[in-house]
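Some structures are shown below for you to check.
Below, chain A partners chain B and then partners chain C, in two separate complexes.
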Partner chain A sequence: MAEGRYVYCIVESSQETQLGNIGINGIRVYTIPYQDISAIVHNCPPEPYESEDNDVVKNWVITHEKVIETAWERLGIVLPLGFDTIIRTGEEKDPKKVVRDWIKEDYQNLKKKLDRVRGKAEYGVQISWDTKIISHALIEKDEELNKLSEDIKSKPKGVAYMYRQKLEKLIREKLLREAENHFKEFYGRIKKCTEDIRMEKIKKEEEPRQMLMNLSCLADKNDAKALGDELDKINNKESIFVRFTGPWPPYSFV
Partner chain B sequence: MFASPDPGLPTHLCNRAKRQMEPERDWKGRATLVDLLDRIFDKGVVLYADVIISVAGIPLIGVNLRAVLAGMETMLEYGVMQDMDVKTRMWESQKSKTKEVPLIKGEELVLKMYGSYHYKSGIYNAWKSGHIYLTNTRLLLYQKEFNEKVFETPIDRIKAITVIRQTSFTGKDKNIIHLYLQGKKVVRLSVHDTEKFKQELESSIEKAGMTLDEVNQYEEEKETCPQCGILAPVKELLEKECSKCGWVSITQKKNKS
Partner chain C sequence: MPIDINEDNLKHGLLGLVIALVEIIRDALKHQALRRMEGGSLRDEEIERLGTALEEIDIAIDQMKKEQGISETVKSVRDGLDGLVDDVLDQIVNPAKWKEEYEKKEVKNG
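Right, the complex of A and B next:
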């Protein structure tokens, strides 16, 4: 019969280790080593985990993360895998051998990646601003906008509408420019206190909040103080909000 | 702890926090769970080995869960709201079913069909869509949504019917029904099933004891009179004279002399 091995992560270890019944659905988790690299796995049928029930999936996902963290804590560096990565065996093959063969084949690559994230962790940085407040500030600060918005007050309804359209267009343009400037500035400042940065997709936020940048940063696992300090300064700017999450296993840098 | 401002607080209050910013991670809270999902479903070591179980369909559960957590906007984006949307539309169509066009006493509905009417008023012209009702006495187009009769005529005023094939703006060929009403007014309709509509309309007119005229007498080509500017049939202008101002074409003058 074909079998499956659900792979949580790769660690730097040559030991056969039991991590206990901490896996998805309370299943036993253990290592399959090849030389000095091990895969953290559990035994399962060769089918992906699927469920219509969001709470069930949520539990699986959190369990997946917790297993990786346990391994991270106990065995040092980890290369996390995504949810539901299952290695399947053929009819006759020993599942252990299939996993070993895979590590063997990818050995150099995995080694390189392990070195890269040694002692590091991933941190999420999301920076947003409040377009409403920024727009108001722009109108007050910018002479052209200020004059235009003053003019609107004295115009008849129809003309005022046209003026308002013009004003909004100008504000949009200036916001865009301002956003670009912020991006360049913040990116540069964050880069100085991180090892590496991945740019992630901007997420939609509730109006009038708007995300300026969404970054995954690679930095020291135990000391993110430099990054924290820098983000603090950014967060203290008027109408700029920083979300800082982590330390995550280095999902984005493997 | 988490130094990022609470979104509920006024900004001038939250930005004053002078604490050292520390990374936050607590997936009992909704926000960080989304961060985890972003990583766990899209990232991590990717295996390109043929021993890997095909992950077709896997991202779906991720998408679902992410959508639930991310709120309405994203839900719509991912199509999770479709069920709800279908329900809403069903409710709406149920509701509008009860809103039928009021019939006059003794009037019988012969045919109801989706269609549109070419509405023209001054420079404004457009196809107005709705349900076309054919009764034993009337033909009308009714827009339920606005409870409005866009067009209405007693069927005994319909003098001739013809179908013209025309290329619509979408590039598809479309059948346009021309109804010639008493007083030379032309009504243009487009219906879901042209053949059926035409048949039913013709038989209704027949049943009402009327006969339809041949179309050609209504289909005359028209031209403006060079003298008074009135729209008159080309034949009349060229072969006789303008019925309004008496203008005669040069050829006609020559013929006369």
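Right, the complex of A and C next:
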């Protein structure tokens, strides 16, 4: 009968280790080593995990990430794999050998990837700003906007409405330009403290907050403090908010 | 995913969709009005009339959203459309992403 091994991640370790019953649905998790590289696995049928229930799937994915984090804390360097990565036995009946062969075949490549993340961790950096406060500041300091907002007060109702639309449009344009400047400046400063940066999709936030950038950064663990300090400086700017998370296993860089 | 339809949420959703569309048309009108005003082709009385009419539309829409309790529905329709447009734009004007996707495909096809 065909069998499967669910693979959570690859670690640099030659030990056969038990990680305990921490897997999906509380199953036993352990390592299968080939030379100095091991796969973190559990035993499962050769079919993917599927469910109609979103909460169930969510729990599985969270468990998947927790196992990777545990492996990362205990064994150091990890290459996380995606949820539902299952190696199944074919003609070869011994599942352990199938996994070993799989590592063997990709050994050089895995080795290179492990080297790349050695001593490094992933950090999440999200920078937002408060468009309402910034808009007010813009009207204060920009002559054109200031004049327009004064003009509105003395106009009849309908004209005032149209002028307000114009004011809003000008503010939007200036905000966009300001956002671009901020982005370039912050990106440059963050880049200096990191090895690699992945741009993630901007997430929608509750108005008037607006996200300017959402980055995954690969940084040497020794540089984490420098990165934190730089972000603190950015966070201290008027109406700019930085969210700094991590260290995480290098999910986005494998 | 199964679609859960009953009379209430159908009405709610449909009304939300209609108002979202009305808002989008209103925004287009506003945009045009603004362009004409800035282009100088409107007299003061015309600006006044346009502004008053647009403001009345704003008030009517807001009132309807409040009365029917559909503000959230309208917002989610518009956010959804915004997201769609963002995705499309992203693909058209972001050559770096094209390159990335192309390379990914190359790897996959070996």
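Everything that follows uses one rule, which is that the second predicted complex is superposed on the first by the 243 of 254 C-alpha atoms of A that agree within 3 Å, B and C clash if a C-alpha of one lies under 4 Å from a C-alpha of the other, contacts with A are read in each partner's own complex, and residues count from 1 in each chain.
Assume a residue touches a chain if its C-beta (ideal position, glycine included) is under 8 Å from a C-beta of that chain, and two chains touch if they have at least 3 such contacts.
As the structure is a prediction and not an experimental result, all values here were calculated from the model.
Q: Is chain A touched at more residues by chain B or by chain C?
A: Partner touching more chain A residues in the overlay: B.
Q: Can A:K204 be said to touch chain B (first), chain C (second), both, or neither?
A: Once the two structures are laid over each other on A, A:K204 reaches both partners.
Q: Now for A:V67: first (chain B), second (chain C), both, or neither, which partner does it touch?
A: Neither partner.
Q: Counting only touches as set out at the top, which of chain B and chain C does A:V159 meet: first, second, both, neither?
A: A:V159 contacts chain C only, not chain B.
Q: Is A:N236 in contact with chain B, with chain C, with both, or with neither (first, second, both, neither)?
A: first
Q: With both complexes overlaid on chain A, does A:I103 touch chain B (first), chain C (second), both or neither?
A: In the superposition, A:I103 contacts neither chain B nor chain C.
Q: Same chain A residues contacting chain B and chain C, which ones?
A: 204
Q: Which of the residues in chain A end up touching chain B in this complex?
A: It is residues 4, 7, 9-10, 46-48, 50-51, 54, 57-58, 61-62, 64-65, 79-89, 98, 101-102, 105-106, 110, 113, 122-124, 130, 133, 200, 203-204, 206, 209, 216, 224-225, 228-229, 231-232, 235-248, 251-252, 254 of chain A that touch chain B.
Q: Which of the residues in chain C come into contact with chain A in the complex?
A: 30, 33-34, 37-38, 44, 47-55, 79
Q: Which chain A residues qualify as touching chain C in the complex?
A: Residue list for chain A touching chain C: 156-162, 165-166, 169, 204.
Q: List the residues on chain B that touch chain A in their complex, please.
A: It is residues 2-5, 7, 11, 14-25, 27, 31-33, 35-47, 49, 51-55, 57-58, 61-62, 64-65, 68, 70-71, 73-74 of chain B that touch chain A.
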